[in-house]
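Consider the two complexes below, in which chain A is the common component and chain B and chain C are the respective partners.
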Partner chain A sequence: MDDQSGVGRDLTLAAACVAAVFLFALLSPAFGTAGNAATVLRNGYELWLIALGMTLLMAMGAIDVSVGAVMGVTAILTGQALLADLPLGVVMLVGPAAGAMLGLCAGAVVVWGRIPAIVATLGLFGVFRMLIFLVLGGQWLSGLPADLTRVVDWRAAGVPAGLLIVALAYGAAWVFLRRTTYGPHLLAIGFDEDRARLMGLAVTRVRLATFAASGALCGLAGVFYIAIYRNVSMTIGADIALEAVAAVILGGTPIFGGRISLVGTVLGVLLLRILQNGLLLIGVPSLWQTVVTGALLLGVLSAEVVLRRARTGAA
Partner chain B sequence: MAQLPALVDGVERLTDMMQAPPDAFVQARGIGKRFGALTALRDVDIDIRAGEVLALLGDNGAGKTTFVKVLAGAHVPSDGTLRIGGDTVRFASPRDAADHGVATIYQELALSENLKVAENIFLGHELVRPVLGVPFLDRAAMRARVRVLLGELDAHIPDIEAPVGSLSGGQRQAVAIARALNLDARLIIMDEPTAALAVAETRKVLNLTRRLAESGRAVVIVSHNIADVFEVADRMIVFRRGRKIAERKRAETDPDEIVALITGAHPDARVADQP
Partner chain C sequence: MNHALRRNLVPVMLCVLWVALLGTLAATHAWILSPRTLTSVLQFATILSLAAMGMGLVVIAGGAGIDLSVGGTISLSAVLGMMGLGAGLPGYWLPMVCLGCGVMLGLFNGLLVTRLGILPLIVTLGTFYLFSGLALALTGGGAIAGVPDWAVGWGRARWGALPMPFITVVLPAFVLLSGLMALTSWGRWIVAMGDNERAARLAGLPVDRVRLMLYALSGALAGLGGFISLAWLGSARPNIGVNVELEALTAVLLGGVAITGGRGGLVGVVSAALLVVMLRTALLQIGINTVWQTGAIGALLVVALLVNRFSNSRG
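And now, the complex of A and B:
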């Protein structure tokens, strides 16, 4: 499934991460510390989870731009479950369960409404944002207890539990993609949905399941959000859809589907978070972060167009 | 006098019908298909027998592809009945058709080119070992079966781990046919199997088509290439304006007559030109 060019892409991204680390370590004494490395990783949790779902959707030729709002809604639900003193195990399941339901809604609109995923989820983004507004009523949800924080930051042999959960999610996705029928079916649909149907695949079921899985991952991201920030503001998740799409495309999963790279997404998220953290430490205002994300995305996409033209021109 | 050949043909068809074994694998009767105001197919009767290659011919828009899509479960017919293997069937999807032993190899659309050879052959019908309901792939068993299938077809595909997009047109046809065989298809429909193939590859695919029929399967090919059809088909059916206008055994016709039927120059073709 990952072809040669995919491996080349992974190496390029890994090299870019290493180069960025060296550059920022030279420019800022605060960057190259163990504490800051832990911070960069910890800041990546939600994006890694959301980008994993986005990778599956984009490999299938779909997309979900409502992911930030889904994370917002599920974070609020998780926060309220925490305030209601529910058992911690239940609190951690509320987000993923609600996220799966919202993802399923998006999938249903796309599949049965026959609306392009980007349009359908843009509409749902508006609806979910309104939900956040109605629930929060213009206030912040804050003063949450630190129970979840202790879970996520608990260390097993020095490795934070949060990182382990993220790794577990990617590992499970890898097993489903490579060792079960899900992988070939997902990629066949991403390559050509009508053809996949003619070949007898249960296209609707795979599409719905993938939207639901992505929603569940957004819900898990909502749990992490509460654990790490212990508050929810009105603007929660406003930029994370752009970041996730950027990380997935940087990682080499094409926007039109048919190919997938989990390693690429892991590295794409890492590169974004290193750049954001490094730029902040050398004194670039945080407003510029979305510019960096957008510029990186445009840069990679135009480089691909140029390379493709060069290749086909040469052939 | 113009009616005389038609009359003779009618009598011949009647005797053919009486001689024909009653257990044709597919019996299509009065098949019609309308898309809104457009009638794509009108009152088509066709028998398809095991062990023979049947060619469907006709100009673009004559109805042969619509008929094939009815057989393949991609279109639900507006009228008529379809009996396959003795059961009256009503296919709601290509998957239904596949479950009844009908496999269709669409031109250019048969395979997912981003996937490997083995993944394509098994797509939607993978060999699995479920663990807690999760369908884990039995990859060793599938690879072994792929080697057997490709061996039977005498297809030389050096790397079965390669994506199908990297194969030649003939190799892709072989993979598509291996897929049909693996589904245990009893009727294999091939849409323009030799279009876009090099000469040597065309030969291989035609040989394969014969071999499929000789192994007792029913084979339908849709083709524009009269020379290929005469080389491989036992029987030919010509469509015109949504109707079946002629049915000929290969020994009883020649390319000129078939071309005349397709283009409408033949008297029998006028059936279709009446309102």
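And now, the complex of A and C:
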């Protein structure tokens, strides 16, 4: 039953993406071009990576609202590694490594402190934001070399390397979820943490590892951020936590955990970015983006509840 | 003795922090402890105390209750109030419009939580972005000037060293709500449903109605905060509520409210809100870079959570 409704949901989301594409293509001549399609995909890189980590966390019944600040800190570190002329391989590892450390910090506070993830990560959001302020000191980090940009935009048979890296990350997550015990354990914890512990699962280890993995993905998103925008401002990542949560929920991974849909998250991110790009091209100011995302999140959640009630009421 | 200390660890910590802060200031920067500082602390604490009281009651009532949208509500009700004036409403309607907007926004949260059964953290995370996004989008990011003179006169007036808004709004609200908690059955219901919701429902308490009212109350207090920001600053700033949710949540937890509900009171919450503002003001006056403030408050939130958890655990 879960699988059925999951597939149905993915199809609905895919249909929504197609419908949005047609609608915007009708309304704006600039939307339906190959160049714009590439832009939409390229704008999705960071969000796809961060939403992947968020999907794992939410499947486990956790959440991390500090992801934007983690991306900010790691982007700054990556930028400075780039300026310090370190070898490119090292530069690309700095972000994920630092991100994993910060994720592990959040995980340690949540797991060992036994406090709700939302409140703990809200506090850490403040702390990480301070790190960004301290490093940047009110300035912008800008004028970065284009080395990373060339890596991300390098094309293998027409497919940009950035998209390949994102696909690899999702592929790796899929293998871990389906081919190792990590997947069942993650879902068991999300379904009922106490029962998972009684069953003898290594709950603490799985939870810490998931927080660290999400942090590493935020770090990778930081690398992409530097590659694509080549500057960092003080407000980096302010809204990306909302976008990630919205994409995950759109994709059908529930807030309570216990179920996961990677395909759903991929499509959720795609739909968000199509909407944002399309609305911008038909002349809606970019300030409305958060409003649209927030309304979409609440609308989908409400519609889900209403539909579920209608279904159980009819049965 | 040891047991009593452990049960009251958070209030003890709050007292220690107050003594430590005042003691340090008296020893090193005695000039800060002046009536002028008192005025400025109370002025800054006015909006935060209102938001923290609303958030405090929502958290005490349990059910994973939290209101992350308070900051957005403050900004949006201030902006909507001024837009109402711009649309031709007479000036004396301003407080009512702000209050009314706050109530509506709070009711919106409450309905999503109680009628649709969506987790409060996800509802208010969505409305946090929705409300603050709307405040920014409606104003285009700029401030709206033109607050009536009588309001500004009231907002900046003082009675001795005490700012008028603090005396005429915060103190009455505090007395009223404390009375509600201590003397009426509503107060006992709030604590009871936070302590054990199932038992409260079985005993026939109107849990959902009380919870709906508390979200509306939190919105109303935030709406009043929005009006006070207008009267104080003389214009509606769409970003006035930024970070208020973080500070209010810190004040609530530092004030001894258990994040799981059922424990805590408003005396602690308001005293912690004053501490947070005092700390911020002291850092500002000593000349420590403002970037430390968000971090210090975030760290304080995490520490308060950990201490809270430690004092709750029986083992």
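Annotations
Keep this in mind: the second predicted complex is superposed on the first by the 312 of 315 C-alpha atoms of A that agree within 3 Å, B and C clash if a C-alpha of one lies under 4 Å from a C-alpha of the other, contacts with A are read in each partner's own complex, and residues count from 1 in each chain.
Methods note: a contact is a pair of C-beta atoms (placed from the backbone, for glycine too) under 8 Å apart; a residue touches a chain by one contact, two chains touch by 3 or more.
For clarity, every value in this text was computed on a predicted model and none was experimentally measured.
Superposition note: with chain A as the common reference, chain B and chain C can be accommodated side by side. Looking at the shared chain after the overlay, A:Gly126 reaches chain C, while chain B stays out of its contact range.
Looking at the shared chain after the overlay, A:Pro116 reaches chain C, while chain B stays out of its contact range.
Vectors from the Cα centre of chain A to those of chain B and chain C enclose 80° in the overlay, to the nearest 10.
Looking at the shared chain after the overlay, A:Ala244 reaches neither chain B nor chain C. Once the two complexes are overlaid on the shared chain, A:Val166 sits clear of chain B and of chain C alike. Legend: residue contacts after superposition of the two complexes on their common chain; A:Leu198 is shown touching chain B, with no touch to chain C. Touch criterion met: A:His185 reaches chain B, while chain C stays clear of it.
When both complexes are overlaid on chain A, the residue A:Cys17 reaches neither chain B nor chain C. A count of residues in chain A touched by chain B and by chain C gives the higher number to C.
In the superposed model, A:Leu272 lies in contact with neither chain B nor chain C. This overlay, made by fitting chain A, leaves chain B and chain C with a least C-alpha separation of 8 Å. Of all residues in chain A, only 63, 65, 109, 113-116, 118-120, 122-127, 129-131, 133-134, 137, 239, 242, 245-246, 249, 255-256, 285, 287-291, 293-295, 297-298, 301-302, 305-306 touch chain C in the complex they form. Here chain A touches chain B in the complex through residues 3, 176, 179-182, 184-185, 187-188, 190-192, 194-202, 258-259, going by the rule given at the top.
Those residues of chain C whose C-beta lies close enough to touch chain A in the complex are 64, 66, 68, 112, 116-119, 121-123, 125-130, 132-134, 136-137, 140-141, 243, 245-246, 249-250, 253, 259, 291-292, 294-302, 305-306, 308-309, 313. Chain B contributes residues 72, 74, 93-95, 98, 104, 106, 109-115, 119, 123-126, 128, 134-137, 163 to its touches with chain A in the complex.
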